[in-house]
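So the structure is just underneath, and the comments pick up after that.
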Amino acid sequence: MFDFLLSSLTFAGIYALMALGLNLQAGYAGLLNFGNIAFAGLGAYATGIVVQAGGPAWAGAATGIALAMALGWCIARLGRQLGSDYWGIATLAIAEILRTVATNEGWLTGGANGITSIPSLFEGLARPWNAVAFLAFVLGLVALAAWGCSRLGSGRFGRALRLMREEPKLAACMGYDLQSLKSRAVMGGAALTAIAGSLYAHYMSFAGPDYMLAAETFLLWTMVMIGGLGNIAGVLVGVLVVQAAHTLVPFAKDHFQFSSDTAGAMRIGLIGLILLACLLWRSEGLVPEKLRKIP
Amino acid sequence: MSEKLLHIAGLGKAFGGNVVLDGVDMAVARGEIVGLLGPNGSGKSTLLNIATGFEALDRGSIVFDGTPIEKLAAHRIVGRGIARTFQLPSMPTRMSVMEVAMAASTARHGVWDTLLRPAPARQAEQAARDKAARLLRELLLEPVRDLPAAALSGGQKKLLGIVCALMGDPQMLMLDEPTAGVHPNLRNDIVQALLRLNAAGMTLVVVEHDMHFIQSLCTRCVVLDRGRIVASCRPDELASNERVAEAYLGAAAHQRAEAAQEAFA
Amino acid sequence: MIEVRDVVAGYSREVDILKGIALDAREREIVTLLGPNGCGKSTLLKTIAGFLLPRQGSIRLEGAEVAQRTAPDKVRHLGVGFVPQTENVFSVLSVRENLQVGGHYLPRDKVAARMDELCTLYPVLGRKLKSPAAALSGGERQILALARALMPRPRMLLLDEPSAGLSPKVLHEVFDAIVRVREQEGVTVLMVEQNAMEALRISDRAYVLSMGQVALEGRAAELLRDPQMRALYLGGRTQ
Amino acid sequence: MLQLLIDTLLRASDLALVALGLSTVYGLVKFPNIAHVQIAMVGAYAAFALHAAALPLPLAIALASVATGALALALHVAVFQRLLRGGPAIAMIGSLAVAMLIVAGVQGFAGSFPRMFNLPLAQPIVLGTARISQTQLWAMSVTGVLLALFALLLFATRAGRALRAMASNAPLAAASGLQAGRLTLGVSFGSGALAGLGGSLLALSTGAHVQLGNDLLLPVFAAAILGGLGNPLGAVAGAVLIALAETLFTNLNFGWAVGRELAFLPVAYIGAASFLILLLALLFKPYGLFDREVRRV
Amino acid sequence: QDSIRMGAVLSLTGSNATVGEDVRRAVALAADKVNAQGGVMGKKFEVVIEDSGGNATTALNAARKLVTVDKVPVIIGEYSSGITLPMAQYIVKEGVAHINIASTSVKIRDLGATSFNLIGLENLGNKFSAADTWALGYRKVAMLAPNNAYGQGVAHGFKEEFEKLGGKIVTELLYTQGQSTYRRELQQMARSQPDAYIYTAYGQESAVINREAFELGLRQQPWYAILLSMSLSDTPADIAKGQLGMEVGNVYGEAGKAYAEAFAAKYKEGIKTSYTGYAYDAVLLTAAAMNKAKSTDTAAVQAALKEIGKGGYVGVTGPIVLDAERQRVDPPYAKLKYDGKVVPR
């Protein structure tokens, strides 16, 4: 049970990093990135490839972050003139293209089989302690990211992003370079998400094209929306709620003796239900973004 | 009065065959307050949009403070010292009035500055806060400073637009109908505020339809009609200019203008 | 014609914007609402038009209680025409289509004739029938918005700052047109204006609002003459 | 050549009806409804169930689309109308939730095995070198006729104009006396019915299965975006373009270039190809290929 | 604890839900059978089934729950290699036994000390089908397979084996799953004018492929399905008619027949995919091992599994013999054809 809890929390932490990355783009800057998971994919694959080639873990993560930020820069460029819905779908398309490449370029990515046997971090430690160390490491990163994000959000840069999110024209006439704001927001989000992707690859010992399924991005969106778009605490709450629901379904099934089709349906349905209920009754999320009062 | 701050030459613009600006030449000297007048649809806003980089021009040149700016993006032009307001202002729903005003300050907004907040960044923030508070007070927006900016009434949004433009200490301010929908009493306050800014060295270009406003503010008026400049004169000469009277003020303008003058005498 | 009593309304539950307003407009009258920015003029107009349902109070149109009826209903069945302060045209539709939508409930054969009438009244529109409304200048929009509302020959017009952004010439044309519409079609007009001097000139009566309440009311001519009134509300401060 | 055309049209008609409904709803209420493709999936199951209950196929399909229309209507009233108060992003994520619930519901109810229509096997019609089956011919004609009708409805009738007015500015439409409620309901019903029809026609060859909606999601969105969201006929054109791109991609022989008899681009990239087209198109026409809206500063 | 448990991770939702559900039925049937014979060590026997949702994370989570909460000694599953590999790696790392019942990637071999495998992996399957098609006289063939771990393995492996025999692959296509039509792919294959079409596809997709191949007139050439019963599971009989193919052995001998009948009797439907037999065997094998070890400790059960694997246990998929690497020796394959239903040829 302890192990299970550890791993659930570790997953939650990893997803929290991704969700914070998404929030930086979607919550602050209003960029509907539906391809966010591509950054995680880059992080995971970079880790897989570098580590398999004998490189150290940090080099894998760094490569992943660099690649993701480069991709982020390109995506933001693409956003120069696209309307936000259109941009969202364009990012979705980019993630799909990347996934197709990952599935087909076997020489680099191991094809549909993916890259296996990626060593975990802290393998030197004895049994429960390696998992504990991993969790502590992840949570540390989450705390750091949350602190950074909330600092960004309430400061000058965040203000610029939020203004761009709602009134881009006004922001431009105040002298903000929207293009650079966008690039920086997306690249920041990309870096966070890529770190998470790299951790994910280590934790699962595996990197595969399924990491980049559109459904994964939707899951991130679900977390962010349940919690509260634009609010750090909200995002973290959202991650916890979704992760808890995912974790609990198998137990609920054992407890109430559901049939397998029902249990399967429940796994998808429960998240849908929570999300819908949240949206209907608390459309700004469980912890909504507050108007920031300046004394 | 001799130094030309803004120099527009041969400006032309058409939207899909519809010629909106047709060879406009116009110069604004440092320290002037120029009123840009003209019938609806004559191209005033378009001129402003082009000058501030929000719209591309078809031909012509614009020189500001000695450098050509016609190819620059909007934010770069702002950086060079031209600020503007919009004719139809829209404001964000999830930012407070104060925040919007603060956002308009031109202090740096780097990621690292925001993240690490070194002393200079903190001081800049404090300065911006003081300035925003002062401007809001001057334009009677103090009571609504913590409301979402989008919840302001039409006129209040206009005022907030002016506050934003003033946050950046521009060399030149371009106002697109700053008082349409603003309460008359406040118009006088705005005139006073603008005159003060002018006295402190700011150059103004104002698009406006309210003749009282124009007359109490401007040092010179440029009248646009169907994309061409038809007059450039002192405000009090407007009513006697036939082209202007016919195209802009309307046939009965004389009597009405006089009646209005009388009423205020 | 229009009879508003003790109306309390607001956008959220907690905050009242209108705090007990009483106001009348008699048949064929032009009534102007004045007041500082944010005092609730637009809110009042929206409440009468049916976009906001009042929490309290009564609104009667031609004797019938209509406080809880919705905007489309009032427009279709009670002859109300409304021009909002902002976003008052369909920007993706052409000028022609804007007018046609305005005349959606006219009999089919009457639409074209009515459109011609309005285009002669406002030649700008005639010239731009095919262009999308989004391309219009601020003033052109204002005219289109008014014309759209006039399409179905309303009996009551609610205008939110119809003159904002109009050049003096057109402003006078618009005001003249309002007067003419009143004369020819017997319309009652309730309008919000910041151009107080101009508006009062064509109005019969006026109300001055302040903080969601009526601060002053009277005949337009008298208000125009009243120096205190001018000083406080009409911008006639000595210079 | 003819076969290429037929293949293109077949794939396009698979996507067109669903994309059309999606785009229309978007135009009206300004949010991309992710659950729309799942409604198509429900339509497929409904048509299957009715057909299995011994109804003649056309009737089964017609009833199924009425049923999905009703479903879309109910969803709109019960869910989206409320969500829309919070803005389009909320509504879009809400539609994601609804999509999950529909998938869960169908899986719980109908199980996970695909349901294949039991249709008599007829020899295809041969036109020169090209072949097309009768069912497909029917499905294509139905799609074509409906599309034409829809275009007529939208651009030549008052109701269509009212619809566009509402899409452009809902409060002002109310100020013009248009009953937002009824029109929106009508459109929701119509788009649901179109999706259901599209889904059932599709299921004639693929069968009704739980993944049907998910499989449609990306291509349908690509089509709708390519044509400009909110522009229903653009969506149809987008569907044709995507189908054409995919078909050309698989059929262009690059043998001459590499000195072999036959050489094709790898079909594994077929999906990527249509997305690439989408990206390129958006790069040059940021609001879709058929966007004519004027955006003023 | 009043019952004795083992675990299974199956794809009950997601794109392979059909297989998942079919296998779940077999697992339930097997548990019933064990209990009917008196359970394990006199106690009720139970298989805790978790959903993989068709993705690796959920599968891994499910496995984690089985290992750390339910503390089962043996876990069977998943289906697609892309999911089984990371999941099994975790299971093996925890020292728990994993029995592979459906994944065919060659990497399954290398999972490690506590992994067991009952099914023939790609390399064997490809060798078998290449030899079979060669024997049928095909020399120039077109190949169609899904673009996933399984399809890539089959396409590349078959090509290698077939070319070793001297044959030629004139087109090799990996189709994108979940399309509404595959006409374009089919036509591209037709342009290379092969002697025969070799394909493998999941039930619902191959229903579309088969129908369209028929409509395009491509059935004049022979069609050969790798994993015939999977490929034809949703294709109407009159379209499927005449196809040849091979299959990982599903049911075999007396035991197999009895199992197929019991399955049909319980679910009012026949077996749909070939993996059910392996799942059934895996459950029965586990129960037998627990009984033999008289323990539910995973190490003891593993030792017993190895022991039983030496002796040759007769399952519904035929005799099961495991080599030193815990891989099945001579996994069964069958040559089949479709003639109203799938029958041996």
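Order as written gives the chain letters A, B, C, D and E; numbering starts at 1 within each chain.
Keep in mind that, in the parts below, a residue touches a chain if its C-beta (ideal position, glycine included) is under 8 Å from a C-beta of that chain, and two chains touch if they have at least 3 such contacts.
In this text, all values refer to a predicted model and were calculated from it rather than measured experimentally.
A.B. asks: Between subunit B and subunit C, how many steps is the shortest route if every step has to go to a touching chain?
C.D. replies: The fewest steps needed to get from subunit B to subunit C is 1.
A.B. asks: Please identify the chain with the largest separation between its CA centroid and the CA centroid of subunit B.
C.D. replies: Greatest centre separation from subunit B goes to chain E.
A.B. asks: If I average the CA coordinates per chain, which chain comes out farthest from subunit A?
C.D. replies: C
A.B. asks: If you average the CA atoms of subunit A and of subunit C, how far apart do the two points sit, in angstrom?
C.D. replies: It comes to 50 Å between the two C-alpha centres.
A.B. asks: Can you give the whole-Å distance between the Cα centres of subunit A and subunit D?
C.D. replies: 30
A.B. asks: So how far apart, in whole Å, are subunit B and subunit E when each is placed at the average of its C-alpha atoms?
C.D. replies: The answer is 73 Å.
A.B. asks: I'd like the Å distance between the centres of subunit A and subunit E, where a centre is the mean of that chain's Cα atoms.
C.D. replies: Each chain reduced to its C-alpha mean, subunit A and subunit E end up 34 Å apart.
A.B. asks: Quick one: which residues in subunit E touch 2 or more of the other chains?
C.D. replies: 12-13, 17, 20-21, 147, 174
A.B. asks: Of all the residues in subunit D, which ones touch at least 2 other chains?
C.D. replies: 107, 111-112, 266, 268, 271, 294, 297
A.B. asks: Would you give the residues of subunit A that are in contact with at least 2 other chains, written as numbers and ranges?
C.D. replies: In subunit A, the residues touching two or more other chains are 103-104, 169, 261, 264-265, 267-268.
A.B. asks: So in the complex, the part of subunit B that touches subunit C is made up of which residues?
C.D. replies: 15, 18, 37-42, 45, 87-88, 140, 144, 151-156, 159, 177, 180-188, 209-211, 216, 247-250, 252-253, 256, 260, 263-264
A.B. asks: Okay, in this complex, where on subunit C does subunit B touch?
C.D. replies: Within the complex, subunit C contacts subunit B at residues 11, 35-39, 41-42, 85-86, 124, 131, 135-140, 142-143, 161, 164-173, 194-197, 224, 232-237, 239.
A.B. asks: So in the complex, which bits of subunit C are touching subunit D?
C.D. replies: Interface residues on subunit C, with respect to subunit D: 49, 51, 70-72, 75-76, 82-84, 87-93, 97-98, 100-102, 104-105, 132, 134-135, 148-149, 152.
A.B. asks: In their shared complex, at which residues does subunit A touch subunit E?
C.D. replies: Within the complex, subunit A contacts subunit E at residues 1-4, 7-8, 11, 103-104, 106, 111-114, 116-117, 204-206, 208-211, 213, 215, 246-247, 250-251, 254, 260-261, 263-265, 267-268.
A.B. asks: State the interface residues of subunit E toward subunit D in the complex, per the touch definition above.
C.D. replies: For subunit E paired with subunit D, touching residues are 12-13, 15, 17-18, 20-21, 147, 170-171, 173-181, 183-185, 187-188, 191-192, 203-204, 207-208, 211-212, 214-217, 234-236, 238-239, 272.
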